[in-house]
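What follows is a pair of complexes built around subunit A, which joins subunit B in one and subunit C in the other.
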Partner chain A sequence: MKERKLNMSCPQGWSQQWSQKTPAFRRYFFRFNGAISSFVALSFVLAYLSLHGFHPRGTLACIVAVLPATAIVAALVSGGMYLSEETDEFQRHLFVQSILWGVGGIMVLTSVWGYLQIYTQIIHFSTIWTYPFFLLFQAIAWGVLRWRNR
Partner chain B sequence: MGCSLKNPAARRFVYRSVSGNVAYIVLVVFAAFYFHQFHPRGFLAYLLATLPAIAILGVIVSLGVYLVEEKDEFQRNLTVEALLWGLGGVLVFTSVWGALETFIRIPHFNATYTYTIFWLCVGVGVPVLQRRYR
Partner chain C sequence: MKNRLRVLRAEREWSQADLADRLEVSRQSVNAIETGKYDPSLPLAFRIARLFESSIEAIFSDTD
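Take a look at the complex of A and B:
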């Protein structure tokens, strides 16, 4: 019987990459995506309502404002759970490093923007964007760290 | 976090972060003084606004260096948990404030306070974690 040669030059498919992920990462992926989907959905609903004349006051306004924050807490809790469940120390280290870069990124962005806002004529930074920017910085750091340690 | 300064990695972290925060205060005061006295514009204004952020980045890097240098896994996990507390606190606060800004008339949040709120939340998280693991 002729032995088949494996095509090693073929790039890894998504399913193959996915199967190489640790079980902790797969659980994190689903939890995080659930939280982020809720965050995006809630933000869109609130933006839509706000544009269509929904302007709650008092307690209702506070409750409505807290809703997207609950999704953020869920996403962060999923990150914490991943760190406690992940047995691969190296993956944990990469994840913590990416969080640190995310924190550094938003601290630098808000600090620079804040001082420019005080001293120059720059538009107001809506703090609702802090979390999306954190995710952006963390994702960039995660990609760079994985590429560096490939 | 919360460990005694007999630990060399923690001692180095304290020195580095204190130096970073002192540099932050000095740079903030310098930038404020310069803006009030000389009213710079354009590139110089951007450069001056960036100065305090360099110190902030230094403190965050010192935290990362501590996590690499710390040999005690338990202390490292505590630090990461405290970091998550700080991060969670700052993101929840800014998200709620931002949403309230959209719906009701509340004062604009000055973004420069984000750094302070982050460390306040870490400061709240550390005793809670210490109590949980004592």
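Take a look at the complex of A and C:
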């Protein structure tokens, strides 16, 4: 609380901005980044193994295929936990709005892309890109909303 | 919805950050409420009213 008062008198650096974040947001930041880091690491490891002749079959193939998706589920769960833990209702409101923009953005993209696939020779949109694009739209919306309400 | 938050805060010579600390919300929340971009929930409106020792109706108004 006291940190926030002191920070108002001088230009804000990243560390000062960080000190103003709510405890719930800090927890979300670490959980979310942990999940996304796991997703990236798992994706790269599996791609590397696949390129080097690792082609499991049966149950193992299913487990290996689902591994990166579990990291995405963890990232989504971290967002849900943030919403339930955040006590600052306005911050919660901004986060929900950014999620809605993310959902809207990915629905528009996949709908338009789907029709383009039918009527043109555009490349196939793999569903594994759904979450990364949702995240991109949500992140842009989150940034704009925070900038507008700075 | 209009409110007198900025006036009440100015009377006490509090910054937005000071008020945010007292309400245990972010400074952005105070700014959004003051500028009418965001209407607080009933529990937060009660906290604001209690802090300024006033009624909710005396601070918030749905008419000009």
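The criterion applied here is as follows: the second predicted complex is superposed on the first by the 139 of 150 C-alpha atoms of A that agree within 3 Å, B and C clash if a C-alpha of one lies under 4 Å from a C-alpha of the other, contacts with A are read in each partner's own complex, and residues count from 1 in each chain.
Basically, a contact is a pair of C-beta atoms (placed from the backbone, for glycine too) under 8 Å apart; a residue touches a chain by one contact, two chains touch by 3 or more.
From a predicted model like this one, the values you see are computed outputs, not experimental measurements.
Set side by side, subunit B and subunit C differ in how many residues of subunit A they touch, and the one touching more is B. Of the two partner chains, neither subunit B nor subunit C is touched by A:Trp147.
Touch criterion met: A:Ser50 reaches subunit B, while subunit C stays clear of it. When the two complexes are overlaid on their common chain A, residue A:Gln20 makes contact with subunit C while staying clear of subunit B. Applying the stated contact rule after C-alpha superposition, one finds that A:Asp88 touches subunit C and leaves subunit B untouched. Overlap of the subunit B and subunit C contact sets on subunit A: empty, with no shared residue. Remark: subunit B residues 31, 35, 41, 45-46, 48-50, 52-53, 56-57, 60-61, 63-64, 67, 77, 80-81, 83-84, 86-88, 90-92, 94-104, 108-115, 118 touch subunit A in the complex. Only residues 15, 17-18, 20-21, 24-29, 31-33, 37-38, 40-41, 44 of subunit C touch subunit A when the two sit together in their complex.
Contact residues of subunit A toward subunit B in the complex are 46, 50, 55-57, 61-62, 64-69, 72-73, 76, 79-80, 83, 96-97, 99-100, 102-104, 106-108, 110-120, 124-131, 134.
Only residues 1, 4-5, 7-8, 20, 22, 87-91, 93, 146, 149-150 of subunit A touch subunit C when the two sit together in their complex.
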